[in-house]
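Look at the two complexes coming up: chain A is in both, with chain B in one and chain C in the other.
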Partner chain A sequence: MKFDNIIIGGGLSGLTCGIKLAELGKKCAIVSSGQSAIHFFSGSLDLLGKVNGEEVSNPLESIKTLADNHPYQRVGIDNMTRLADEVPQFLDRAGLKFSGNANQNHFVLTPMGVMKPTWLTIEDFTRFETKDSFPWKKALIINFSGFLDFHTLFIKDGLKKLDVTTQIKNVSMKQFEAIRKNPSEMRSTNIAKVFDNGDALDEFAQKANDLSEGFDVVILPAVFGLLNKQIVSEIKAKILKPLVLLPAVPPSVPGIRSQILLRKRFQALGGTYFLGDNVEEGFFENNRLVAIATNNHGDIKLKADQFILASGSFYSKGIVATRDKVYEPIFGLDVNGETNGSEWKDEKFFNDQPYMHFGVKTDSQFHAMINGEPVENLFVAGSVLGGANALKEGSGAGISLLTSLHVAEQILK
Partner chain B sequence: MKKEIFEPFNVSDNNFEQCVKCTICTVYCPVLEVNPDYPGPKQSGPDGERLRLKDASFYDEALKLCLNCKRCEVACPHGVKIGDIIQLARIKYSKKKPKVRDMILANTDIVGTMASTFAPIVNPIVALKPVRRIMDSVLKIDHHRIFPKYAGLRFESWYRRYAEKKQNDFKKHVSYFHGCYVNYNFPQLGKDLIKIMNACGYGVHLLEKEKCCGVALISNGLIKQATKQALHNVEAFKKSIVDKNMPVISTSSTCIFTIRDEYPHLLGIKNDEIRDESELATRFLYRLIDSGKLKLVFKKNYKKRIAYHTPCHMEKLGWSIYSTSLLRMIPGVDFMALESLCCGIAGTYGFKKENYETSQGVGKPLFEQIESSKADFVATDCETCKWQIEMSTSLKVQHPISILAEALDVEATMKLWNA
Partner chain C sequence: MNKNNSKEYDVIIIGGGVTGAGTARDCAMRGLSVLLVERHDFATGATGRNHGLLHSGARYAVTDPESASECIKENMTLRRIANHCVEENNGLFVTLPEDDLAFQSQFVDACKTAGIGTEILDPDFARRLEPSVNPNLKGAVKVPDGSVDPFRLTMSNMLDAKIHGAELLTQHEVTDVICEQNRAIGVELFNHAKNEKVKYYAKIIVNAGGIWGHHIASLAGININMFPAKGSLLIFGHRVNKMVLNRCRKPANADILVPGDTICLIGTTSERVPYDQIDNMFVSQADVDVLIREGVKLSPSLATTRILRAYAGVRPLVAADNDPTGRNISRGIVLLDHQERDGLSGFITITGGKLMTYRLMAEEATNLVCKKLAVDKQCETAEKALPGSEKSDLSLDNATDKIYSGMSIAQKSAKDRHGTLAKNIAVGDSNDDSLVCECEGVSIGEVKYAIKELHVNNLIDLRRRTRVGMGTCQGELCACRAAGLLCESLEEPGEAKDDLANFLQERWKGMSPIAWGDTINEVQFTSWIYEGIYGLKPDNN
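Presenting the complex of A and B:
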């Protein structure tokens, strides 16, 4: 089965590569063994939030201070500036509205009640321009009775530090009785499905409006618009007071919607998306990857001119760690982090952990390497790359989006 | 560094330990969405398994609400065999005895043999409203359901009478597992397959007595009988694949999925010797075309808009690409893929009165897509999806093999491959 390009991994990186290539006429396939990290997405795409423990105000400027082998340095500052600028329109074409600026981080209120710097925020959520003030003084936090994934007390404590007085109220409605029967199913996605399907929205808005008498702002968990995006603007219109949505414990409603819309965009452009299939091995000839074998397709190998590895980090098993080594499980590519196991961890849990920088090694053009030799037509993008601690830096989505767009450009050259 | 195979270590027979409790599977379960009595894949699968291992009384009869669609498995980022865990739990712990109704629905071949013998009488009778009411109240088979018609002349008899002799004239050969549906309800699909394979230079043979794959027996809890039939089939497949070097192809995605994956996973029957060479006809044809060993010539005047529906087991197999690629090769086809969603029938599940509402609720988003597709008809590889879609929408459904057979220029193709 022959394609122009095959991408291994269907998360943010794989879909970004696939969409970009398909937009320019390439016949692409994505193979993904399961759903991706986008399902846990907070609603904000981070470019760079912290360097050496210091909060970053201008990500594009601060990138210059990162280590030479950081993926951003390898993309290059000029490319970074240009590509970062493209991202909002790129997402918009898939039906995803994000706003923000790569020259200036804005802030979002986290479910822990803290202001966090970020790059692009999805339209569901509220952007704040400063971290030490909240535009309203009296906030009402509403939760659904029996919903354990929204920690209202953290939010209350956080807002107190910003001089906001808050009250917490619970709402119960008969439409949720069915999912409440089973406490483990009272999850944000199931609540969102109830709102997606029926009449619950009007009744809920009515209750919220009654309760919010005397408050300046209403705070709710983001449980609106799983498959029906319209619901987000409807709830915003129906609640009379200003409305601030906050992420709940994953899986995330805006995250799943994003995953679905990106996948649909890819398919609408003619891309083939193989979900639930695992890439098992590669077949190489003269420093080129000619074909891959997958679990479902067996002896019918998938062939392409170029391949992109976007298989994610430890969580998605793009990289695997055992007691004594770290390795890339599909092709056995070179990784950084093959060092002595005792040096992986810093005793202090919250320090910058060495193992978090582990990932697949590449040359300056993002070619994968085997025994120090670059593979001509195998590129690497996203969180499977080494050289960054996305969690510590707040650079997760930035690395995924920008290395992927950059790699797609290398292929299109 | 050398390549390594990543093999997670599991203590249990199935791999529920791999679950990280991310709940992604629950987002994609079609039953959970419409029937709150169902505990959902995570709770019924890996979470429940932990409890059941401690104490069998934690088994919840609501697990029978699982459609076994495996859409949860396709979504799980950690490869947990959620659907298998649930089905195995039903097999191991369920105390509910199958009802007479379940036996009737499950024994597709015995009922099929009787019904097709008396097809002219049975068809009009089971279609009668009062009869359907009685079946509804006595047997609890929902009266909205219309039984698929039984054919007068069974496929096997037709084959022996009209097709068998010719098959030895070809140089290459395959065996055909036709399944109950082709045999009793829709022999035309089997005839279409033979037409295509013959045009491509292949003789088509039947197995030495095939038995129903047993999917309905498994889902209705008749495990002993399912195991017996499965053992028989594996032997019959071996005779073709191992002894005669003839691969086995089928036109039913569910039969082939059951034989390849459910036999070893649910019934514990080894099928290593036959698994790789038991596959769908569309995959067999695709492989030949992809490797340059075959080219199909199509009629110039075939013009249709076709909407393809991915059956759940095709989604799990990952094989819809083969059927859709073949359909796209037909020059006059205006092709559209429907978003892959469960139709709700799940074999015999939707025929049961108690499941009717869930079944239609699950299928609703698919039906809406179909109604707005502006297609001439729907294409799909599964016979029960066909019934469900035809009962629930205004469009007819055709199998990709039948579409290919209609669009194929038989003579031109023959000339290329029967020199």
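Presenting the complex of A and C:
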């Protein structure tokens, strides 16, 4: 089987590469073995939230201060500025409405009740322009009886620090009785499925509206619109008071929806998506990757002119650690992080962990390398790249989106 | 100072490990008024950091016959009185190619002398009996080893002590032993929950502080020569072996593989550590290497089995009084009457021994207390079953049968964890039945029961009582659910967030020595969820 481009990994990076290339007429395939980080997505795409522990207000400006081997430096500041500007429309074409500004972080309220800086936020959630004020004074937090994955007291505690008085109310819905009977079913995706069908929505909105008498704002868990995107705007219209949705314990309803919409966009552009297939090995000739073998395709090799590795970090098994080494499991690419196991980690869980910086090494054009030699037609994008602790920096989605768009442009050149 | 404590107890027991728990139970059953004080939580010392082997005594048969016969006696007793804490797996002592088969007959003879039943097995038969054993074994001897759950065992002793009127205080650290004219009359405590000092008085003070007993004794001006011996262990993510596997040779490092519940444990290393390091138990890379290397010899499939956690504990070893060099270490039970030994009345120390000889230790200590108080009452702890193990109690099955035809996973798990006491866990309402921890089948009802009845103060305590966050997901999402519940019943939200951060730190401590493979993948995921999405920081709250 032959494609123009094959992308390994169907997370945010792989889909971004695939869509961008397909938009410009390339025949692409994505091979993806499983769940990706978007399933757990907070609802906000981070570009750069912190540098050396200090909060950043203008991400594009602060990128200049990052280390030379940071993926953003390899993309280059001009490209970063241009590509960051493209992202909202790029996502919009997939049916995903995000807003924000790469020159000025805004804030979102986390489920622990703290304000966190970010770049782009999906329409479900509320953007706050400052971290120390909340536009409303009296908040009503509503949870569903028996739903353990929304921690109302943590939110209340956070809001108290912002001088907001809150009350917490639980609502019982007969439509949830069936899922409540099973001890492990009362989770956000199952609640969202009930609302997706539509019939519980009016009744719930009615109850919420009755309870919200005398409050300025209603806060609910983000359990709306899993497959039926309309439900988000419907609940916003039906709740009479301003509505703030907050993420529940993952998996994330807006995250799963985003993943589905991006995949549909890719497929609508003619892309081929091999779901649940694992790339096992590559075949090289003269510094070029000519084909890959996958689990489901057996002897049939997949060929392409260019390949992109977007297989994620440790949690997606894009890189693997054993007792004494860190490696890239498909091709054995060069990685940074091949150090002694005891130096991978800091004994304090919340410190900057060395292993978080580990990933695949590339040259300045994001070519993968084997024994220091770049592979001409194998590019690397997203969180499989080393050189940054995206968690500490708040740069997760930014690295995935922008390195992917940049790599796609390299291929299209 | 809280002055409201003028009540004088018969006995104050210092230390909430298994020895303290057993002594509290025994004293309370003999009608004494008892106060037990523990600085952190129950089973946070050696009791919560050991191998959980219900020794048959075979391990000590050749080198320490006295310990061996204590073990076999207590082994049989615990099978009776603590049935819900014990797994009767039996054990094999295997001779590997590098071991001397001649040791086997010496071993079997010594077991016989100690009263430990043995059966020499043909290697082929042993392989069939225990398929995980090293297939190259030269010989095998079957012995009545077993596994014991130290948390459960400690908690049921605590519960029974309470049922018999004992008072129990966690988060109360002894900061001084109050003495008056060569007599210990009470203790000064620091209450960590309230940040205040309190004093309690008693006729007799029992020091059951394990290795910390050295320090506690020094507060009373007494010197006990203790030698901390650190031992490290690894927990594997599934149960490789059905029977306990031991090496048939003189005791050495990493030569026991103990199965328990759904996991198995390889241990231990043994290393003298300075006394000032006993609260700083880390597992080094070298420890991990030895444990894996030796473990794989016993059971080759360990090489490919996921390691869940590494941890270390300190054995409370005591040097014989007449040996200041400390070479003559006793591994047996040490009961010190400080009136006779040091001229301080009202103060005794019970230490040394083993997890599984705790009852005998408690009996000896209580006999001494009773003698001093001139109380003439027989010990009954070897006959009366612990709460949760009562044979005649079928009410759990009956009660649940009324609700369900079969028990739910959560109920089965709860019954395994709490024995017949599981009947006190609310069931049957969709709220109580909801699962907090899916891997370990912990329901809301069980969490509420633990908070209400089992002295739970934080998430880490809750994990010790219920196994929340002990499974393969390593506390990712269930920790947050449990924190939400704790927040509803006993913690301020700010505290609950700190608690969650501490919980994650505590888990990381056990995972970082073995952070590779799936473990590092999951840790990274956990970090993204809690720090990335939730914005949890240790100092944010």
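The working rule: the second predicted complex is superposed on the first by the 412 of 413 C-alpha atoms of A that agree within 3 Å, B and C clash if a C-alpha of one lies under 4 Å from a C-alpha of the other, contacts with A are read in each partner's own complex, and residues count from 1 in each chain.
Here is the rule we go by: a residue touches a chain if its C-beta (ideal position, glycine included) is under 8 Å from a C-beta of that chain, and two chains touch if they have at least 3 such contacts.
Because the structure is predicted, anything quoted here is derived from the model rather than measured.
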Next on the checklist: With both complexes overlaid on chain A, does A:Gly25 touch chain B (first), chain C (second), both or neither?
Outcome noted: neither
Next on the checklist: On the A-aligned overlay, A:Ala321 touches which partner chain: chain B = first, chain C = second, or both, or neither?
Outcome noted: second
Next on the checklist: For A:Thr110 in the superposed arrangement: first (chain B), second (chain C), both or neither?
Outcome noted: second
Checklist entry - In the superposed arrangement, does A:Pro250 touch chain B (first), chain C (second), both or neither? => result both
Next on the checklist: Between chain B and chain C, whom does A:Gly146 touch in the aligned arrangement: first, second, both, or neither?
Outcome noted: second
Next on the checklist: Looking at A:Phe154 after the superposition, I want to know if it touches chain B, chain C, both of them or none. Which is it: first, second, both, neither?
Outcome noted: second
Checklist entry - In the superposed arrangement, does A:Ser33 touch chain B (first), chain C (second), both or neither? => result first
Item to check | Touched partner set for A:Gly270, first chain B, second chain C, both or neither | outcome: neither
Item to check | First, second, both or neither for A:Leu391, with chain B first and chain C second | outcome: second
Item to check | Shared chain A contacts, counted only where both chain B and chain C touch the same residue | outcome: 40, 181, 184, 250, 315, 317, 320
Next on the checklist: Touching residues of chain C toward chain A in the complex: what are they?
Outcome noted: 282, 285, 292, 408-410, 430-431, 433-436, 438, 443-444, 477, 480-481, 483-485, 487-488, 492-494, 496-497, 501, 504-505, 507-509, 512, 515-517, 520-522, 524-525, 527-529, 531-538, 540
Checklist entry - Which chain A residues qualify as touching chain C in the complex? => result 37, 40, 42, 110-114, 116, 145-146, 148-149, 151, 153-154, 156-157, 177, 180-181, 183-184, 186, 247, 249-250, 313-315, 317, 320-323, 341-342, 344-345, 347-350, 353, 355-356, 391, 396
Item to check | Residue ranges of chain A touching chain B (in the complex, touch as defined) | outcome: 1-2, 33-36, 39-40, 178-179, 181-182, 184-185, 187, 189-190, 193, 226, 250-251, 256, 264, 267, 272, 274-278, 281, 294, 296-300, 315-317, 320, 325, 327, 329, 331-332, 334-335, 338, 371
Checklist outcome for this item: Per the touch rule above, chain B residues touching chain A in the complex are 1-6, 22-24, 26-27, 32-33, 36, 39-40, 42-43, 47, 73-79, 276, 283, 286-287, 290, 315-319, 321, 337, 339
